[in-house]
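Consider the two complexes below, in which subunit A is the common component and subunit B and subunit C are the respective partners.
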Partner chain A sequence: MRPESRAGLERAALVLYLAAVVALTSVHDSQVLAAALGLVLILAGRQALALMRRVLVSVGPFCALVSASYAVMMAPAGRFSADYLILVNLRVAALTALTLLVVQRIKLARALGFSRGLLFVVTLATSQALTLRRVVEDYRLALKSRTLVRLGLRDRYRHSAASAARLLSKALHQSGEIALAMRARGFFDDDAPR
Partner chain B sequence: MHIPDGFIAPVVYLPAYAVASGAWVYAARRLRTILDERTLPFLAVMTATAFVLMMVAIPLPGGTTVHAAGIGLLAVLFGVWTTFLSVSLVLVLQALLLGAGGITALPVNALAMGLAGAAAARLAFAGLRGWDERAALFAAGALSVLVPALLIAVALGIQPLVAHAPDGTPRFFPFGLSVTLPAVLIPHLVVAVGEGVLTASAYRYLAALGGPRAA
Partner chain C sequence: MIRLSGIRHDFPDGPRVLEDVSCAIEPGEKVLLLGANGSGKSTLLRVLSGLVTPSAGEYRYRGSPVSPAALRDRGFGRLFRREVVLLFQHPDTMIFNPSVYEEIAFGPRQLGLTDIDRRVTRWAEVFGLTEHLERPPFALSGGEKQKVCLAALLVLEPEVLLLDEPTAHLDPRSVGWLVDFLFDLKVTLVVATQNLSLAPELGERALVLGEDHRLIYDGDLAALLRDQPRLIAANLVHTHRHRHGALEHRHFHTHDWD
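For the complex of A and B:
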């Protein structure tokens, strides 16, 4: 398939996904939401189990906390509704599974290709996040390798602050370097109307 | 702090999208006018920075840690609108790449954390800077946590009022304001103190490194 056609299909899928999100939050029937979740899992195919695992990891703790608090607070007052708990947990699971599946199947960068600037920001931010994450991790490991006993609160604050400052300093340097590299490669057209 | 998908009713998130979209367009136009060709790399790198700043641990008494938000620091250094755009993009990446937060909660999270949090930080810094810069930085960091926490507690707490079945059973988040306000705000008081200390310390380290000063 030609890249332009594929990008068009992915953009259409993104619009369909957004419509499905609004639909899933407008339906208040557990059976419909269960069917929607089932459909997402069927579409995931052999990755269905892995998808459900990711759903549980990303929203499971929040849902468990809300559900347990709801049961503890509402049951003594006689206002507990099992139907509500099923409805809200199915909705959260269906929405999260759908989002994760869409992200797996759609190349986000191509779907956002209608805006050169947005595409650029998302691609660059994603790649830079990996580089900058390494800076924070290096700082954490450097501290760990140089300390034998657990540091006090004051020293741990100083370490966190130094990491954040170094991160910002490196980010600003990177920003300038990238701007120069892009100019050198002709990304910015001086004659183009602004 | 941010809310996953499925707990916010369309009657809240659709108007929030309308407000946030206007703010995103305004912020993008403003950024384009105040910066030159460095706008795009600057915004991208700041987005990556905001994403990674949220991985920096804030130590709490007792040996535990929570994650920084970095919104106060970004707002003091780069202004409200750049922070708003960066935090919004981070929330999009977190929702779409990690399944954290959510696409329906995105405008509420973006307005609360990116816009209101940054504006509160900036106002606190501007108001107190003349008196004591360190106190101003502490207040900026603390308010950048407390104001979003308050707004998110309100957004969650109004769900049973705006979206419920005819018999009163909630359809989205089940608890009202009497539960969400203390449940969200009290733990965030401790986080706010940590974020305040981190903001003041990180700003001073950055100044010592020869980095940027407040915009």
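For the complex of A and C:
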């Protein structure tokens, strides 16, 4: 396929994806959301199982925590709704599965090639994500190298908190540096102090 | 003590970072792991510390294979993690406890040692950290953080100390201190660096990783430093123009500005 045709297809798929995201956040019917999730898994083909595993790993713990908190807060007041819980979790799962599939199948840089601004945003976000992924991996390995026995909850909490704080601070610092470097190269000339 | 045979490693969905690396390191040796950026030095250190499982080849420590299964074994895993320690390039990566005291006590506490206070006090003294024991380690300077991390590793009295570019973030005074400290340290030492000017101060034997990720030299460091073609091949030397008054010339350098 010619590169221009490929880019056109990917752009169309991206528009469809954005429309699907709006639709999935507007639907309040568990059956429709379940069907949407099923459709995404069908589209994933032989990678459906791997996709579902990635969905569970990436949002499973978060959803479990939110669901448990909801149940603990609502049940004593008699306002617990299992239907609502299923609806919310199905929506998160469908949106996550769809996003992971799109990111896997579409080359964002090519699909957004029509806009230099969007292209810069995607490139910067990707470079930041890759850098931060390396940092997270370093934190994980550093802890592993110092772990002699199974860690207790207190140590796990301390490590997670310290890593998250360091990660946030690094991300902020890097964003500042990138913005300065972009300014130095004339990106924000319009609003530069005169 | 350490035996690597035919180690190869590929990043998942990424490039090859180590190719057919074989070598042995005996107890008490001080080894410099040299190589240009991206040659695989950090990955090799991570293999040696059992954090990265090579795609192919075998790693043996004291005759036992080091593998995820072996490290899951409570006895071997604990022994290995206590005896083989790694100082990461960025000390921030390793620090997560609320005080310097807790950071140093982290390892001994896991082992249930009874003399934690004595050990922490001793190593804090060695590294000049006594006055900082109650301070959060992340509030210290880069050099002090490096010392906290070293104290946290050495408090376990390891047999093998692996250091990843230990002088990369240090000021000149801290570099001098570290060189002196490592000189007197009675452990097996593997130091990854590309700083050739410091190399002779840190060890006697060199392992050189080439840009093709193969081990291209294993031998006497002094002989390597005289072998300019090999240093050029490993991208360990640089050339630039000099001006001496009216005279201008260029030649290869083995020094570093770190």
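Quick notes on this one:
Simple rule for what comes next: the second predicted complex is superposed on the first by the 116 of 194 C-alpha atoms of A that agree within 3 Å, B and C clash if a C-alpha of one lies under 4 Å from a C-alpha of the other, contacts with A are read in each partner's own complex, and residues count from 1 in each chain.
Convention: contacts are C-beta pairs under 8 Å (C-beta built on N, C-alpha and C of every residue); 3 or more make two chains touch, one makes a residue touch a chain.
A quick note: this is a predicted structure, and the numbers were derived from the prediction, not measured.
In the superposition on chain A, A:Ser163 contacts both subunit B and subunit C. Of the two partner chains placed by superposition, only subunit C is touched by A:Ala142; subunit B is not.
In the superposed three-chain model, the partner touching more residues of subunit A is B, compared with the other of subunit B and subunit C. In the overlay built on the shared chain, the residue A:Val72 is in contact with neither subunit B nor subunit C. In the overlay built on the shared chain, the residue A:Val59 is in contact with subunit B alone; subunit C does not reach it.
Of the two partner chains, subunit B is the only one touched by A:Ser175; subunit C is not. By the document's definition of touching, of the two partners only subunit B reaches A:Val103; subunit C does not. Once the two complexes are laid over each other on the shared chain, residue contacts for A:Ala50 go to neither subunit B nor subunit C. Shared contact residues of subunit A, touching subunit B in one structure and subunit C in the other: 135, 158, 161-163, 166. Here subunit A touches subunit B in the complex through residues 18, 21-22, 25-26, 28, 54-55, 58-59, 62-63, 66, 69-70, 73-74, 81, 83-84, 87-88, 91-92, 94-96, 99-100, 103, 108, 117, 120-122, 124-129, 131-133, 135-136, 150, 153, 156-158, 160-169, 171-172, 174-176, 178-179, 182-183, 188, going by the rule given at the top.
Subunit A meets subunit C in the complex at residues 135, 138-139, 141-149, 151, 155, 158-159, 161-163, 166. On the subunit C side of its complex with subunit A, the touching residues are 46, 49-52, 77-78, 81-82, 85-86, 88, 90, 92-98, 106-107, 110-111, 138, 152-153.
By the touch criterion given at the top, residues 4-10, 13-14, 37-38, 40-49, 51-53, 55-59, 61, 63, 65, 68, 70, 73, 77, 89, 93, 95-100, 102-104, 165, 169-175, 179, 197-198, 201-206, 208-209, 211-212 of subunit B touch subunit A in their complex.
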